[in-house]
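Two complexes come next, and they have one chain in common, chain A, joined by chain B in the first and chain C in the second.
For the complex of A and B:
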């Protein structure tokens, strides 16, 4: 029993351990940021690597907690993302006065996400979701002297409280309608009655809040803009990714029987999310707001893939793996520029190529990957999402998705154009990039190019499904 | 003959160009890569004819097939037939010339050559892939370099043109994507061109998918009314950019229309052939008349490209073996001719710093070499016998005439009329630019440098060889066209 416990909950235990180490450092003598950050980076790297060993399928605490190879892989993606954030945002992290706290919050949220992905029960899921969202609100407030940061945190708290309320309501309705909240027992109790659909819709609403699916997206842009970039990238990549993993698991396993219902819901949500996200992204000036709306549009694409049961899982997991690299690379460049020059507007990027060609190429590659242009991995990711969506023969739906790729291309190209083509009297000065940041950016760039071309990765994810 | 080499050489060239130290190295590396590719294409042609002469009747030669994404039945399937070889030869000629013409680019030289080679990589990959997914992958690879080439090194309203071009071409490829997915799901999950060609796709599906694919590829080859990116894109692009755009990239569309749309969906090709003929006739006539009104040399060639590419689609729409052979020959001929045309315009512009026809005069006396080439390419454009344009257009007209109905006859006659218009604008432009009194400030201009001469000679040689001995091209293309037409005719 103890062995099982240790091995099955391995990822969670390692994270807890790191949190405790941080806690001891904090209440002990304390460490300077310059020394603590490398230590943390090493710990996170170890954590990421440890994720690949001693993995076992099984469940604990009745069926509250379960794990399998796919879940472990998903957790590894999130681990990787957190490791990359610790490298990419090094400039900001070094300066922040409360580094240990920031990481404790971030890792607690990550812990919550791990439990969420592994949960086999709606109650467990709810608890984990709370653990995953409350620390993030605190993280959003980490630019202590900026008002916008507090404003963002406030909005974040309100919206998560609201969505938790909806979620709880949905869970209680589901319990009322079926008499169970266990994922394993739910399928047997579902008959698609109107009451169950109502309960299910509440559940979807809560997911939609967290994933910032239109029309539940209104908090996203403000929170993204106000938060420090480390938090923004955590929110847009790790948090989105984990919710997408859970969402897809919830739809495909316990609510499989209600396929017809949620298929229609997903199609509608996907279409409006893509369109609204794209149209709003067209007019943004602030790079963080811009990436916020672009990530809303990306979520729309993820929904397209999800609607394609049963091929969707692989496509979605694969896309999120790519999305981690692409979006983090974009945020990484934005973080470097904002940290060194304080500039966050797309207009400030004009003429950047003259002074910082390296950053420009990385950002271009990342944006092309987000736009889905070959040979970057984003091309494959998006294509498989769209192909999964087409599996049901809804060609109009796929056409809408494909046309949305063009709209998104327009605004991604806007940034590229600002960097390479527009003239500027006073471009951002030459930035001496920190070597860890450089390493992380190169890592992301290499992954963006290679993940797509190394096609066995897709097969590997596919093989985890069985 | 290993077809992978056709992809590997540009790839290595591009990487080497990125790693090189100075501008001179970049130039020579790119040149060496382009020449190696040219030699390889010629070897490929020889190997191909040898195989065919040896009695190898397989539809595609030198096939290679590797599993890429087994979950989606995507294979890295390569192979060539006569049509692909013709297009590869065209591409390699244009690439060498394009590299030579760009010798004097000083701004971000490394990036410029990298993008040029990347574009050519996309084109080579496109012409040899037999898997629709891989084909689409290479098609899209060829789009974005154009955006950067025009946007960074272009002139005039370059940002606008670059955006317009990228968005319209991506729009086209989005339609292609939906079409390909339609084929995939309606054929029992296959992206493979050869196995798809053996399946009969339901006519209802064809009716939806064919227009998607045809229009999607058609955008690339300037199908009316989606040709509007052509004039803007060409006029803003740097010289080599225009050459690649008109010489290679517009041919991707024609090739796709023929190889993917018409070949895989013969019933729909029949049903839609009248619409294709009408649209392409409009493009031919509209392009020709629009050219008459242009005063800028690049616009003249851009609009005349719309007109000439109309012939390609007309040939495909006529659905006879001869006409389709002519369409492929027209792609080759127009590719060489228009690349040369843009090269010459670039050379003239570098010296006179104007592209307005009215601001030039008597250049024949000042720059005899450039003006002579200008003469040759102009005559090729208006279809003078002995040059490639005549051969290709004549073949299309003969093929079109094989259709006996009044509709086809009228369309053919209408298309023929455009030649007269072409003669008017070409002769007028040549007369103004090359003849007449020398303009004051243009008396001291120097003639072509060695690299420009070499580029021009390579392309002129191509035009003249096809014009004088067209038999080899015909023999190369015709059997492949016959296979496609037999399928469409239902034999």
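For the complex of A and C:
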């Protein structure tokens, strides 16, 4: 029994251990940031590697917590993302006066996401969701003296509290209608009555809030722009990815009987998310805000993949693996430039190729992958998402998605054009990139190319499904 | 006349509380009042759970446990929200939502 407990909850226990190590460092003598950050990077790397060993399928606490190979794989993706953030944002992290606190909050949010992915019960799911979102609001406020940071954090905490209120009301109605909150018992109790559909729509609304699907996306851009860049990359990659994993699992397993209801919802939400996300991205000047709207549009594509029940999971997990690398590379370059020159506008990127060719190539590759241009992995990710959506025979829907890819090319290539072709009297000065940042950027770039070309990765994810 | 409170009465109260909370959240301008509106929403959910537990599913205690957890989480949420509001007050010298208007579009 104890053995089971230790092995099945292994990833969560390792994260908890790291949080406690940080806590002891903080209340003990304390360490300088220059020494603490490498230690943390090593711990996170160990945590990532440990994710591959001693895995077992099973469930704990009367079905409240379960784990299987796919879930372990998803947790590994998130672990890798956090490790990359600790490398990419090293410049900002070294300067922050509260480094241990920042990582404690980040790892608690990660712990919440792990429990959320593993949850087998709406109570567990709600608790984990709160653990995954409250610390992120505190992280958004970490540039304490900046006005924008506190404004972003305020918007984040209030919108997430409001959305969890709606989620809870939906859960209470589901409990009233079915008498159960366990994912295993729900499918037998759902019959698609109007009352249950109301409850289910409230649940979808809360998911849409967290995933920033369009009618619920208004907090996203403000929070992304206001927060420090480490928080922004955590929010846009790790938080989005984990919610997408849970969303697809929730739709496919407990709510599979309501397929016809949620299929229609997903189609409508996906179409407006892609269109509005793309149109707003066209007019952005700030690079963080631009990436925020681009990530909203990417969520629209993820929804296209999700609509392909019952085979959408592979495409979605594969796309998120690629999305982690491409988006983190883009945020990494933006973080290096904003940390060294304070510039965050796309106009400031003009003429960047003259002074910083390395950063330019990485950002170009990342943006190509986000846009879905063939040699990069992003193309294969989008291809699988769209073909998974097409499996249901809704061809006009897939056509809209493909047209949106063309619109998105315009604004991704606008940044590339600014870097390579536009002339600028005062380009960003030559930046001496830190070696850990360089290593992480090269790792991301290599992954952007290789994940698409190595076909066994997709096959491996497919094999986890069975 | 002796009126026993039934499920419908309680659901009416909780529905009314929920929408009062939503209305307050959307129209109030003071951050503390917005926080109170969120508490109203969470408490309406508590009433819902208890009512369903008592009248419909008396042998399934999930609703009762859920309520206890919601109360605890609401406290944690309020703590973080108030910390953020204090920091906002330090930088903006006001806790009116209208004063936080730097980020838009």
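Miscellaneous remarks
In this section, the second predicted complex is superposed on the first by the 466 of 466 C-alpha atoms of A that agree within 3 Å, B and C clash if a C-alpha of one lies under 4 Å from a C-alpha of the other, contacts with A are read in each partner's own complex, and residues count from 1 in each chain.
Operating definition for what follows: a residue touches a chain if its C-beta (ideal position, glycine included) is under 8 Å from a C-beta of that chain, and two chains touch if they have at least 3 such contacts.
Model, not experiment: these values are computed from the prediction.
Once chain A of one complex is fitted onto chain A of the other, the partner contacts of A:387 are limited to chain B, with no touch recorded for chain C.
In the superposition on chain A, A:197 makes contact with neither chain B nor chain C. In the superposed pair of complexes, A:417 makes contact with chain B only, with no contact to chain C. Interface of chain A with chain C (complex): residues 123, 126-127, 130, 134, 137-138, 141, 144-148, 150-155, 157-158, 161-162, 164-166, 168-169, 171-173, 175-176, 179-181, 221-222, 225-226. By the touch criterion given at the top, residues 311, 314, 368, 373-375, 379-380, 383-384, 386-387, 390-391, 393, 395, 398-399, 402-403, 405-406, 409-410, 413, 416-417, 420-422, 455, 458-459, 462 of chain A touch chain B in their complex. The residues of chain C lying in touch with chain A in their complex are 18, 21, 25, 31, 34-35, 38, 41-42, 44-45, 48-49, 51-52, 56-57, 60, 62-63, 65-66, 69-70, 73, 76-77, 80-81, 83-85, 87-88, 90-92, 97, 100, 102-104.
Across the complex, chain A is touched by residues 68-72, 74, 133, 137-138, 140-141, 143-144, 147-148, 151-152, 158-159, 162-163, 166-167, 170-171, 174-175, 177-178, 181-182, 184-185, 208 of chain B.
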